[in-house]
Amino acid sequence: MAVLEIRNLCKSFGGIVVADQIDLDLKAHGVLGLIGPNGAGKTSLFNLICGVVPPDAGSITLDGLSMEGQPIHERARLGLARTWQTLRLFPSLSVIDNLMLGPRDYSADRLIDVFLRPTYIAQREREARQRAEYILERTGLIAIKDSPVMDITYGQQKLVGVARALMNEARCLLLDEPMAGVEGQTYALIQKVVRDLAESGVAICVVEHNVAFIKDLCDEGVFMFAGKVLARGSVDQLIADPHLTELYFGT
Amino acid sequence: QQTSYKFGMAMPLTGGQATYGNDQVKAAQWAVEEINKKGGINGKPLEMIVMDTQADPQVGIQSVNRMISVDKVAVFVTAWSGVVKAVAPIANDNKVVELSVGANSPDISQLGDYVYTTFPLADVDIRAVAGYSAKEMGKKKAAVLFINNETGLGSATVYRDTFKKAGGEVVAYEAYDQKATDFTGPLLKIRAANPDIIHLQGLVAESPQVIAQARQLGITVPITSYSGIYNQKLIEQLGAAAENVIATSLAPGVEDSPLVKDYVDRWVKEVGRAPNGLPYTQYLYDTPALVAAVFTALDKKGIAPTGENFRKEMLAIKTFDLPLTGKVTFAEDHTVNKPVYLVEVKNGKWTKKAVVGQ
Amino acid sequence: MDYLYSILILIGLFIILASSFDLVIGHCGLISIAHPIFYAIGAYVSAMLAKHNIMPIPLAMLSGGVVAFVASALVAVPALRVSGDYLLIASIGFQLGLIELAKHIHEIGGAGGLTNIPSFLIRDYGRESYVVLVLVLAGLTVLFIKWLTQGPYGRMMAAMRDDELAFSMLGRNAIWVKVSVFGIGSGIAGIAGGLYAHYFRFLEPDQFGLLQSSAVLTMVVVGGLRTAWGPVIGALVLQLMPQMITFFNLPPSVLGPLQGLIFTGLVLVFMFKRPQGLLAAPVIWTGKAPEKRGA
Amino acid sequence: MFDVAVVSQILWTSFATSSYFVLFAVAFALVLKVNKVFNFAQAGVMTCGFYAAYVAVRLLEWPGFAGLLAGIAGALLMSFILEYFGFAVLRQRKASPMFVFIFTLIVSQFISYAIMLVFGTWPTTIFASMFWPVTLVGGIAVSAWDVPAIAATLVVLIALWVFLRFTRYGQFMLAVADNADLAELYGIQKNKVLMISMLMAGVIVAIGMFLYGSRAQVQAAAATELMLFAVASTILGGIGNIWGAAVAAIILGIVQNSSILFIPSAWQGFLLYAFLFFAIVLFPRGFRLPERANKLKRTIRAPDALVTKQEG
Amino acid sequence: MLSIQNLYAGYGSLEVLKDIGIDLQDHQCVGIFGHNGAGKTTLLRSIIGAVVPTSGRLTWDGEELPYGDVPATVKRGIAFVPQGHNVFPNLSVEKNLVIAGALFGEAFLSEVLQLFPVLQERRSQRAGSMSGGEQQMLALGMALMTKPKWLLLDEPSTGLAPVIVRNVMDGLRDVNRRFGTGILVVEQNVPATLKLVERAIILKSGQIVFDGSRDELSAKKDLWEWF
């Protein structure tokens, strides 16, 4: 059964159609690669799923629950996590503090709890810190865990974004160009992290222009163009299609 | 024994009201110099401690506290209703006399044993001008235009009630906002009501403009106001439009007393202009004289000049004859009563019209 | 001595006001300058409750805080949805609107002000006791805010200030955080209002206008935004400086403007010398010292 | 009460008086947009402009036009000092926006005290007389001040529009407003552009003050109140939208003047603020025009082969 | 010739670049590669003047570049496309291009629009609402509008689809040939870049570990492993 189901999703900005009757399923244990030329509507699709942009029509369900009209944070609470193409880290926090906000545990978020259950909150903090350190370890960022995020390189910032999304033990994870600007050596590392996550039952969707990366990572690919899903199949199949190749790689 | 006698002076020296406060303090200062030149309090100098209140209660509280605790004054002079009320508990608690000069809110009389006013309350001159308009000038339909703040509202009510009682009818009763820079709306409403006299209760800052706009809109009936607009500048600014404007004064004018004339001449000579709010400065000029009179009496008897003694002695003397404002008598309700002088702009000059309640 | 006491009390009250304002405007990044109106609400509510003997004064002060807390929600819930600069104007509208309203309500003294507010503690234990009370409460406020902002909740506020969208995407409710913090800050201001009312015993609506806002804001910013002790230093310096200037013995004819000139001039000098505030906040949010926050 | 003559008189006069509000609001909005400063020191600049004109006309007895120039010079000087010795320094030292805001607040107080010290506190006007003769136009009293004021404002607005739209530095201002650091990468000198925008605001404000001061009395602290109105207009007009601020200033001006016809006078102040509050709650983004997205279209298409394949 | 000698630069106490010496011939195409954090961005930012070097010399044809004065450097003919946040988000695409070129002589707009047809299509769109890749194209176009003699690019292919990467690389080669613009490009996408550049420099922890022609790099098997 699909974790995330998108049916007949439509959205346009003026004359620009970014989602044209999109139907898409994200399955547990799977990594779906989303490719397509610039401006195809990939980021917009993520924005629609997350509630950043309201759709013109269509429905999105997560684990069978409709997400219509839910605000962003409610969707995240249901088990949706994403990274941003434009980073969106918290510049006034250090790397580890950026991650510490990630866990999908909101029981201590109410101000009243700060007064009433201090020990509980302290315990939560410890757990979150352990988890953050574990994830930083796995993504190779542990050495810079206390640096301000503004002082680390672009490539590292990208990884912090991915790591922050990993903190949320989400049902469905959306990665928007996680590798853009990241050095080649890190590819294997991230691929392993993402694959492990998929194996643990998470549905993952990755947007990437680095086809080699997508090919190694994804079970299946989707090709988008001008807001439409043009094709779905294994990444090799997509690349083999001469029409898609022309659109995406040029001739 | 005392080597000098101190009293406090807490006035707005900055902020929106400083226009008046500064000139009033200057007047008081001249008076203190005068008194000291004439020998002070039996040869001992009279000292005035000046503090800024910004006409703000909180600042006023601090200034007055400072004068009482640090400078140990037995009596202090202050003005502006907010400050006068805010510092009243301090005066009462410390048994220090508070002399209000120019706060015209009627509940002054209920502020406690140590709070007195040397200035007639607001209703005195408003009542006089309303009564005079209805009775002597024979006006039947009045319009009231006032600034929408506490004093404006209070005075407007007094005018309306008095004018009605005197047999007139108030055909328009309009307020404008404190921040307004244009007065067409209320003026048009007044024009539509077709009054034969208009009473304007505003601040110096905008009153000339209100009159100018009234005349521009073709309203030619006489306009009365209170002492705020009684100054030479109004005539300069408005020219012919100032004709038929009537103001009040709670103190004798230049024509009534040679001392006042000397006083105004001194302003023109030393400062280059007439004081802002002439009558108020006259009262302030006279306050040190009042204080000095009490101190002198205490000094003669060899009584320590504490607030308590000051109050007792002041009430014992009861009536004071002061240089610029004439006789003043403290009434049972802590207030004083005075005659009201009416002045009118005629041929480009302020001319005396009448004295009410002499 | 009254002079000294009233200065100490005002310093204490301004420490409370400035610290709680810093919580709202600095730590939470909510640009509202209406803080004094919650101070006013606390003051008026407490004064009225005590004046009419509805409850004992300490309870009345607390109720003032509670009413301020609730009132803040009136501004926060609708206005925070749009956040940023719009909160600013909504808050100004709320502040000046309430002040206008208060001027028209006779029962609370109208524009002329509310007099004869019962005093508290002073009669039985002397003024010193009130000074102690205010200063102790000021200390508690500072420590409380320090504790709150250095804990996990402080981290949430920092993140929300930086990027609300990314913050929501982590499943956290930005509006709720803002409303809560705004409420807490306003509630504290409300209690301070009660303390003011029962010492100075006179309240006037115009006291709580934009002048007061800018005074408190200056304390926070000149002292140092987002620092525990910055607002304290700001309150101390900006409260004491004008008092010291009154001892300069300036000639009365130029006294007012000159005092103002010296005061604002000195503040400008401070601002140039320390453009991050007298105490500068660390570049990034740092919680409690790491050794403490570990096991 | 609601006859045509009254309503049109009110509309006309409030339209004329909104001229200076428009200027103050536009200047404020410009500095907010380009320099990213809530410049409360504008009150100080306004005061300087006014008193410079006052000195020229009343004390030196120059003609009105020279007075206007003097006013502009005064405001320019103040703006220059403010930017060169104030904002530029603080910017370089990386002061936070809130800090700069407080700085402007203190500067404006400082200037007002300094002016008080020199000129005293008595309110005054630029010309000795503040009475402007009126002509009746179809029953409406049009004062000799109204038409020149409206004309001057229009001229300023058009000049500003042309400047921002067609001149190089106007374009640079937009760029610096958007991303000042990036602008430097295209050879744009940030400091110069920011200075120009401050100076332009100075000129605009001086003209506004000249208009205001020839009709109403001004004293050292008066500018603050006038400026607060500009702030409200700027925010209502949508921050970053200079023309929105101008429109908001006119609307606010007219609302304030004509509300007397509908609202009991005692409640005017209160209702104005209530209006402000609810305007924000109901129109949270200011009175903003909808974005012009409709013109956009994709012209690059997928090859037909693909589209048919998908459908088939 | 753009020459960098004994350059040291960093942020506060952190020293990022250590003793960098590079001579860049006019009209050359040079690629800089290296790990995340190697100091590539810092190097470009020092040249353009956004980072003030702690020591060392930056000269162009013997003249010192104005340290720390970005506009002056740019006006001399050096353009820089930073990584991310590199367009004016609230202005239209066309305005972005016009403003970028305003200080640099007659319009060059049509050439740029030809290179990136999407920009032509979106002339009136708000730049901030464009997709990541579209913004990257716009930023490149803006840099070209300044008709630079040297073009410094910080990871220009980030977020671009392969077809566009190809276009960009072709376009850059074209610019280099037609106008003689020197190109200094920092890239992670080594294969694509190697088709463009004739010389490659590899940075490691702020120091140059390799500087040679493209063929030399291809020959060095050990360095290849490294990527």
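Order of writing sets the chain letters: A, B, C, D and E. Residues in each chain are counted from 1.
Note that a contact is a pair of C-beta atoms (placed from the backbone, for glycine too) under 8 Å apart; a residue touches a chain by one contact, two chains touch by 3 or more.
Computed from a predicted model, the values in this text were never measured in an experiment.
Touching both chain A and chain D, which chains are there?
Both chain A and chain D are touched by C, E, going by the contact rule given at the top.
What is the chain whose Cα centre is as far as it gets from that of chain A?
B
Just give me the whole-number Å value for how far the CA centre of chain A lies from that of chain C.
Taking the mean C-alpha position of each chain, the two centres sit 42 Å apart.
Between chain C and chain D, tell me the centre distance in angstrom, where each centre is the average of that chain's C-alpha atoms.
Comparing mean C-alpha positions, chain D is 31 Å from chain C.
Go ahead and note the Å separation of the Cα centroids belonging to chain B and chain D.
38
So how far apart, in whole Å, are chain C and chain E when each is placed at the average of its C-alpha atoms?
Here chain C and chain E have centroids separated by 50 Å.
Touching two or more other chains, which residues of chain C qualify?
256-257, 260
Where does chain A touch two or more other chains at once, residue-wise?
13, 247
Identify all positions of chain B at which a residue touches two or more other chains, and write them in rising order.
14, 18, 22, 153
Applying the document's contact rule, which stretches of chain E touch chain A when the two form their complex?
Residue list for chain E touching chain A: 11, 14, 35-37, 41, 83-85, 118, 129-134, 136-137, 155, 158-167, 188-190, 226-227.
Spell out the residues on chain C that touch chain B in their complex, using ranges where they run on.
These residues of chain C touch chain B: 1-4, 6-7, 10, 103, 110-113, 115, 200-202, 204, 206-207, 211, 243, 246, 252-253, 255-257, 259-260.
Contact residues on chain C for chain A in the complex?
Going through chain C, the ones touching chain A are 148, 151-153, 155-156, 158-159, 161-163, 165-174, 176-177, 180-181, 184, 283-287, 293-295.
Could you pull out which chain D residues touch chain C in their complex?
Touch list, chain D to chain C: 89-90, 93-96, 98-99, 101-103, 105-107, 109-110, 112-114, 116-117, 228, 232, 235-236, 239, 266-267, 269-270, 273-281, 284-286.
Which bits of chain E are touching chain D when the two form their complex?
Listed in rising order, the residues of chain E that touch chain D are 48, 50, 70-71, 74-75, 79-80, 82, 85-91, 95, 98-104, 117-118, 121-122, 124-126, 142-143, 145-146.
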